[in-house]
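Look for chain A in each of the two complexes below; its partner is chain B in the first and chain C in the second.
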Partner chain A sequence: MSSFTLYQPRDSGLHRLHPLTKLTLTLCGVATAVVLPGFWPNYLLFALFLLPLAAWGQIVCPLLRAVWPIWWPFVLSLFLVQGLFWPGGTPIVTLGPLSFKQEGVLFATAMAGRILVLIGSFLLLSLATRPDALMNALTARGLSHKLAYIILAAIQIVPRFQAKAETITAAQQSRGLETQGNLLRRARALLPLLGPLILSSLMDVEERAIALEARGFGRRTLRTSLILLSEQPWEKGVRALLLLATAVLILARTVLALR
Partner chain B sequence: MERIKKDFTTLTLVMIPVAIAINVAVGQLVILLKLPLYLDSIGTVLVGLLAGPWAGAITGTISNLVWSITGLFPQAWAWAHVAAIIGIFAGLFGRFFKRTPWLWFAGGLATGITAALLSAPVSAYIYGGVTGTGQDFIVGLFRATGASIIESTLGQGIVSDPLDKFVTFLLVFLVVLGLPRRFLLRFPRSENVT
Partner chain C sequence: MQLSLQDIHFAYAPDAVALRGITLRIAPGEQVAIIGANGAGKTTLIKQMNGLLKPQQGQVLVGDWDTRRYTVAQMARRVGLVFQNPDDQLFKQTVADEVAFGPRNLGFDAAHTARAVTAALEAVGLPDVANAHPYDLPSSQRKLVALATILAMETPVVIMDEPTIGQDGRGVQRLGEIVASLSENGRTVIAISHDIDFCADHFTRIVVMAQGKIIADGTAEIVFSQAEILAQASVTAPQIARLGAALGLPGVPLHVESFIAALRAKKGET
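Our next item is the complex of A and B:
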């Protein structure tokens, strides 16, 4: 099945965890990254929490490879925007008319750490969890199966659309459409590319709807699933502990902020 | 409540994942063309127009959640509420689509301003004022004038978003004009467009 997820199949403890446990890990990681103050904590969180988990799942390399291309544009922007243009900061390095300000660089470093954990938490989830298993776990907890269908269908359709977009671009270029050059020329290429892409994709929507109805999509009965999820007896405890720790952290941070 | 139930037909539910795929594919096409726009909510606006504001809201929200859980664009979850508002606005302004198209286009501008107001605090307070895209250049310009982080992200949004959403609403207008009436009539809010 081609799909645009990053899922890496491995036979590891992390992969065997119940999807809800991994989702809880990610959400707690995100919440913690946002409330952790200061310079170092987020880098420590990444090194001492996310990386060991990735090592357990045998996905350290895929994780770093996935984090890097998303992280570095943030880092670049942070240092340029906040480092160079921090109003009224103390200059530390001067480059011609511009200079890096101490306050801006500190802020950029702290924020880069937070973004590292934000990105890493989600990528850890997507590398180690099959989306259909995650949706299965969520529907078992009361998520509507229609919403689960929307999410899984989207994940499957996207790569087909990307291929279609490439085909259309190649076809229009072979007819002489220019996709390079000045802004006006590139803007004019937009409609000949978008039109066929959107119109052709809408055309099979109706057939899909009829096919789903014919297979009992709208019925309100108990559904069975092809994927069996297993859960270790201690996982419930781990989830509760994670949520509790995150709640305490958020509370502590709020109290400190209000003081 | 009755109206919401009527909006979520099987056709709507099938349309939503296709719209999400349109959001992704067109968003990437725009990056390829190096245009100073996002155009990553064409599908959301289309669903809002054809199936009502709530279906539009669901499309936007799930678009961003799908980007996050698949790891394609993990930072997107933080802007899910902005995507939802875009779908809601498309649904609300949909009634003007046929009779008074200029109000539909004005709806695009209003959506852009609202999106800018809602997304600025997210980039300012969660991501330190940047999004890791070329748009950060504009944030830098505002910072250079001495503006605070939230003022800069707000300024960047006000510069970029209304134009982007106006072009989105315009493209949806052109696409819908190109769709056969027989197809449009099947949607729950077909009265908007036929």
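Our next item is the complex of A and C:
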């Protein structure tokens, strides 16, 4: 498997699940995160639903390592923006003209939990599912192979960008660019790092499009796959139950909101 | 400037050991080519030389600088590393600006930077494209621009990663001239390459790597006469050397001239 995916191969029950079952789990997790009210339920959802699933897939550490660098910038900005700029509210900490509002902090706590589950759900899917197997499962259910490719490319873009960014950073440091240090120095280093990343990515797009066409991507013929997907007899039932439970949750939440 | 690597060990992961006890001394002005199969540890080794990777055991000294005590940007004053893919670094609007990026980072003043840029572009044969956008040039020329960006930094050690990829005959010849010119000026040149003919033609010392170790180190004539070592490293000797061996010529001819001389010597014998 290419290093440009997050997929972590393991011999686990989670990995053996049909890709559509894992996709259903993810989408239900996302929907639940959005509709769950209150400040703490999403943290419980992460701890009691996503982490046990990750443990079943033997990928707790990779999941936490992948979640953290994406989650903390959101958390930081949420707490700063909501805490400092919440209209009105009760100040809990005052620093000169700025004060943290209790309501803003509570809202940020709730939103951070929601984002934690959103990120965690998608990363769990990415870590436990081969992207090509997922696309194969979706195209077998009638999804256009072009759309499948777009989804696959989107899944792969983060690790691909990470690998490219590491190489670019190394190349620019080798030309004397200091990327560590104070905020100003780091800000100055952004353009030499982002410039080649964007330019080379645009060039990659052109090369990739040519390479795909050269391999018959645009042909309208019946496609077969080398990947054989297996499905446990009970998986369809689990998917139906998950969808039903999520639908009930959304309905209940809507009814409660309308009251 | 002397480069000294003492018993270097490095692993990316417990089951991905890249270097296993590398000891290597490179004198100022030497021309060293590092060859070996993919995965032999060549790239890891050159990344140790400019501090991009730090040894997990052992010591890398560039002059009196221990790479563990300096950032990569600081090491760039002494070691210039030309990456394989030029598109990993080019971002300025003109070639001249791109080449000036390194010297400016190193704190060269404007006049010094201008001189360094002009000299570097002349060295790579691209003085006429100084005002062109780097991405308007073909990839072979972008690769030479990337080399010029390092040459302009005037580092005592220049390392090139696969410099001949994408170059035509003229480009390879130009690269050979650059290697010779740098060496004449006392600058150390190190290259990792799969282009064995380029290594044999332009480097006085060949280091062969396999499975994270140096398995041969010497002149091209000595290294390319050791068939077993080359087989172990999955390296094929230059074609002309293999032809010489097949004809039973004395020595290891690496150039047309030495081949003819060896052929004449053999004819004279018979």
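Everything that follows uses one rule, which is that the second predicted complex is superposed on the first by the 181 of 259 C-alpha atoms of A that agree within 3 Å, B and C clash if a C-alpha of one lies under 4 Å from a C-alpha of the other, contacts with A are read in each partner's own complex, and residues count from 1 in each chain.
Operating definition for what follows: a residue touches a chain if its C-beta (ideal position, glycine included) is under 8 Å from a C-beta of that chain, and two chains touch if they have at least 3 such contacts.
Note that this is a predicted model, so its numbers are computed, not measured.
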Touching partner for A:P192 - first (chain B), second (chain C), both, neither: second
Chain B versus chain C as contact partner of A:K236, first or second or both or neither: neither
First (chain B), second (chain C), both or neither touched by A:R65: neither
Partner chain in contact with A:R16 - chain B first, chain C second, else both or neither: neither
Chain B versus chain C as contact partner of A:L212, first or second or both or neither: first
Which superposed partner A:R223 touches (first chain B, second chain C, both, neither): neither
Which of chain B and chain C A:L177 touches, first, second, both or neither: second
First (chain B), second (chain C), both or neither touched by A:Q162: first
When both partners are placed on the shared chain, which of chain B and chain C touches more of chain A: B
Common interface positions of chain A, toward chain B and toward chain C: 164, 179, 191, 195, 199, 203
Residue numbers on chain C that touch chain A, as the complex places them: 47, 50, 52, 71-73, 76-77, 79-81, 83, 85, 87-92, 101-102, 105-106, 135, 149-150, 153
Residue numbers on chain A that touch chain B, as the complex places them: 4-6, 30, 34, 66, 70, 73-74, 76-78, 80-82, 84-88, 107-108, 110-112, 114-115, 118-119, 122-123, 125-127, 131, 134, 146-147, 149-151, 153-155, 157-158, 160-162, 164-165, 169, 179, 183, 186-187, 189-191, 193-195, 197-199, 201-203, 205-206, 208-209, 212-213, 217-218
List of chain B residues in touch with chain A within their complex: 8-11, 13-18, 20-22, 24-26, 28-30, 32-36, 42, 46, 58, 62-63, 65-66, 68-75, 77, 126-133, 136, 139-140, 143-144, 146-149, 171, 174-175, 178-179, 183, 186
Chain A - residues contacting chain C, complex: 164, 167-168, 170-180, 191-192, 195-196, 199-200, 203
